[in-house]
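One structure, pasted below without further comment.
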Amino acid sequence: MAGQSGTGTSATRRLGIVVILMLGVLALCGLWFSAEDVVQGSTVRIMYIHVPSIWTAYIAFAMTAVCSGVYLSAKNRSLAWDRVAGASGEIGVLFVAVSLVTGSMWGRLTWGTYWVWDARLTSTAFLFITYIGYLAVRQLGGTHRQRARRSSVLALLAILEIPLVHFSVSLWRSLHQEASVANPNAKVELDGLMLFSLFLGLIAFTLLFVWLLLHRQRAMMLEDAFSDRGLDVAITARRNEAGA
Amino acid sequence: MDTVIELSGVVAVLGQFPALAGIDLAVQRGEIVLLQGPNGAGKTSLLRVCAGLLPIERGTGHVLGIDLATNREAIRSRVGLLGHANGLYLDLTVMQNMQFWASTVGATKSEVDSAMATMRIDGRLARVKASQLSAGQRRRCALASLIVRRAEIWLLDEPHAGLDAAGRDELDALLRSAVSSGATVVLASHERDRALGLATRTVTIDGGGAS
Amino acid sequence: MKHASFIFGSWGITAVSVAAYAVWIIRRGRELAKHATSEEMPWT
Amino acid sequence: MSSAASKRRVTIAVARKDLTIEWNSRILVNQVAPFAAIVMVLFAFALDNDGILQRVAPGLVWLATLFSMLVVIQRSFTVESADGALDALRVAGIDMGAIFAGKAIALMVQLFVLELLLVATAVVLYGVEMTLAGFCEAIVTLLVATVGLGSVGTLYGGLAAGARGRETLLPLLLLPVVAPVLIGATRATEAAFGSGGTTVSEGWPWIGLLLVFAVLFCAVGTVAFGPLVDE
């Protein structure tokens, strides 16, 4: 059991236990102990998972960009950086999807509709699609180095593009002064326990991200190692063709 | 002697398939090396590796003293590759193709004219769209574009394919004159008798390796 | 609690999707690790 | 071979080559432009209201441009890969930044012609009326937006060109990126057309946005095209 159970180590197991405990406390605080908001009532309880999800997605995409940049600039071009970038991008897509769904449920309660053409919402949707494209490019095939070079350039392009999309979308919305949309975060008056729940959520989700990233990145390392090993087999098979 | 191509244990991968599986090869300046072997032996990939097009996955390789692993882009401007494809734009005429090619590689008009005359694609043919040419005529165009490159190493993949008897004689003469002016030629060909008469040495490629 | 279905629903969706992803990568890691040598797993 | 003069020479040669190919094959004139025109007609069927059509004409012009652009980009790279021409250029050690610039310029010229045609269609079919100042603004919008679209289109077109499933990959990658152009160009064109009571002066900030986009992607494309396209 010890040491040989997949991508885990004693450190990740301990981290995993901490994450689960923190998420348990978060659920108790967020869903039970914390007070209802004066304006939003019980719907504020969605915030305790919605905000940490989108926060994690931002961390993940920033991680993807940083690792892609390091991969391209480092002298030895270690594929480990590319794998961390890819793993992080994948986790980011998961969390941005989750936060889009929970956000629109929250919106249904506070705004009355699932979707409003709010700048932040719209550019988050673009973020989601951009990184789906990033993951698609990672699946294009070729050697590991081709994958790494292509996807790291694309990740850096995405970082350039996202502020521009966000800026143009907010400019677009600012000129359409429709009935001022309730901003779910601005109207919340947070008391002590509510603030505690929110920060607990942020920390728990960040640690959850680290845990997922460690495992995913190790699994990717094994995937790469296996296809390298497949290459060894293929090389031997290829050499044997010569005699046949 | 001066070694222009030096590969040792080179592995090159197409997708997940090792087209070259640890090949060793050394070519001296002024040689005409014939690569022989069955279909799918790795001849095309070998030529593409030497041209700096295909990255090497393992092993070491130097072409004209330049490291293939770290600096393969630098090799490209000094070698010429004639692949299976001819590199033509099918919607352009022969003349337009040659003019485009000349202005990208920096060849003069007289060099283009003489190359086109050498491959006999001047005159009436020059105004025909590439899509209307026969396979042999397209091959001639590709060879003419190779001539204006003045490459130090000529890498030719089935250069005889599609050429008529006269074209083959012209090709042989062309390669001999290139070698006499200091170039090196590596060619893969199934035209065994013709290529053997031309080559100074034969290398057999099979299963992604050389013997 | 008002809107209980939406609140528990959003928590549930988050929990289920993250848990499903976590289970998937752990399973995948175990599956791959069965055939891996210790040099291929530098973290052990 | 990598001096500024040779880069400029390659850029011009590539741009002229792509335009000659279009001149010889007339794909844009015979296939893409009719496609774009029929899209404009279909919009009219779908919306079925003269007032609405006039109001949304700018958006429809730019949507039709984006969809047609996808076709033109695919074509631009099919030409390169049909007989291994891009490989030949790579083996010759031609600077990829210059190839990018040349292909982007050719794409911009083709897009500009297409956009003029679409604006003319909007004027005829949707009953758009323009003042002289509006007309000038429309032309500037077309120019600046086209530079942005041409550069970003060539960049992502090159990436998708080498891939399996390129027909589906290109829209997935490209459409999110060009959102700022769609937003900016549509608002600027609305101002130029005077749709929905907008005035010409409201358009210029949007042209500024388009300009930022164009400059950014021209610069980035020159650097990033090589690593994205090369094996």
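A, B, C and D label the chains in the order they appear, each numbered from 1.
The definition used in the following text is that a residue touches a chain if its C-beta (ideal position, glycine included) is under 8 Å from a C-beta of that chain, and two chains touch if they have at least 3 such contacts.
The structure displayed is predicted, hence computed values, not measured ones.
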Problem - Middle chain, criterion being Cα centroid separation - result: D
Exercise for the section: Could you let me know which interface, A-C or A-B, is made of more C-beta pairs in contact? Expected result: A-C
Problem - Label of the chain whose CA centroid is most distant from the centroid of chain C - result: B
Handout entry: Distance from chain D to chain C - Cα centre to Cα centre, in angstrom
Key = 43
Practice task
Could you grab the centroid distance between chain A and chain B? Build each centroid from C-alpha atoms only and quote it in angstrom.
Solution key: 48
Handout entry: Intercentroid distance (Cα basis), chain C paired with chain A, Å
Key = 13
Completion exercise
The distance between the C-alpha centres of chain B and chain D, rounded to whole Å, is 37
Practice task
Enumerate the residues of chain C that touch no fewer than two other chains.
Solution key: none
Fill in the blank from the handout: Within chain A, the set of residues that touch 2 or more other chains is 141-142, 146
Practice task
Can you tell me which residues of chain D touch two or more of the remaining chains?
Solution key: 231
Fill in the blank from the handout: All chain pairs satisfying the touch rule are A-B, A-C, A-D, B-D
Handout entry: Parts of chain C lying in touch with chain A, wherever the complex brings them together
Key = 1-4, 6-11, 13-14, 17-18, 21-22, 25-26, 28-33, 35-36, 40-41, 43-44
Problem - Residue ranges of chain B in contact with chain A within the complex - result: 11, 13, 15-18, 21-22, 55, 57, 206-209, 211
Handout entry: Partner chain A, residues of chain D touching it in the complex
Key = 155, 159, 163-164, 169, 172-173, 176-177, 179-180, 183-184, 187, 205-206, 209, 212-213, 216, 220, 224, 227-228, 231
Problem - Contact footprint of chain B on chain A as seen in their complex - result: 141-143, 145-146, 227, 230-231, 234-236, 238-243
Problem - Contact set on chain B toward chain D in their complex - result: 51-55, 73-81, 83-93, 96, 100, 103-106, 129-130, 138, 145, 149
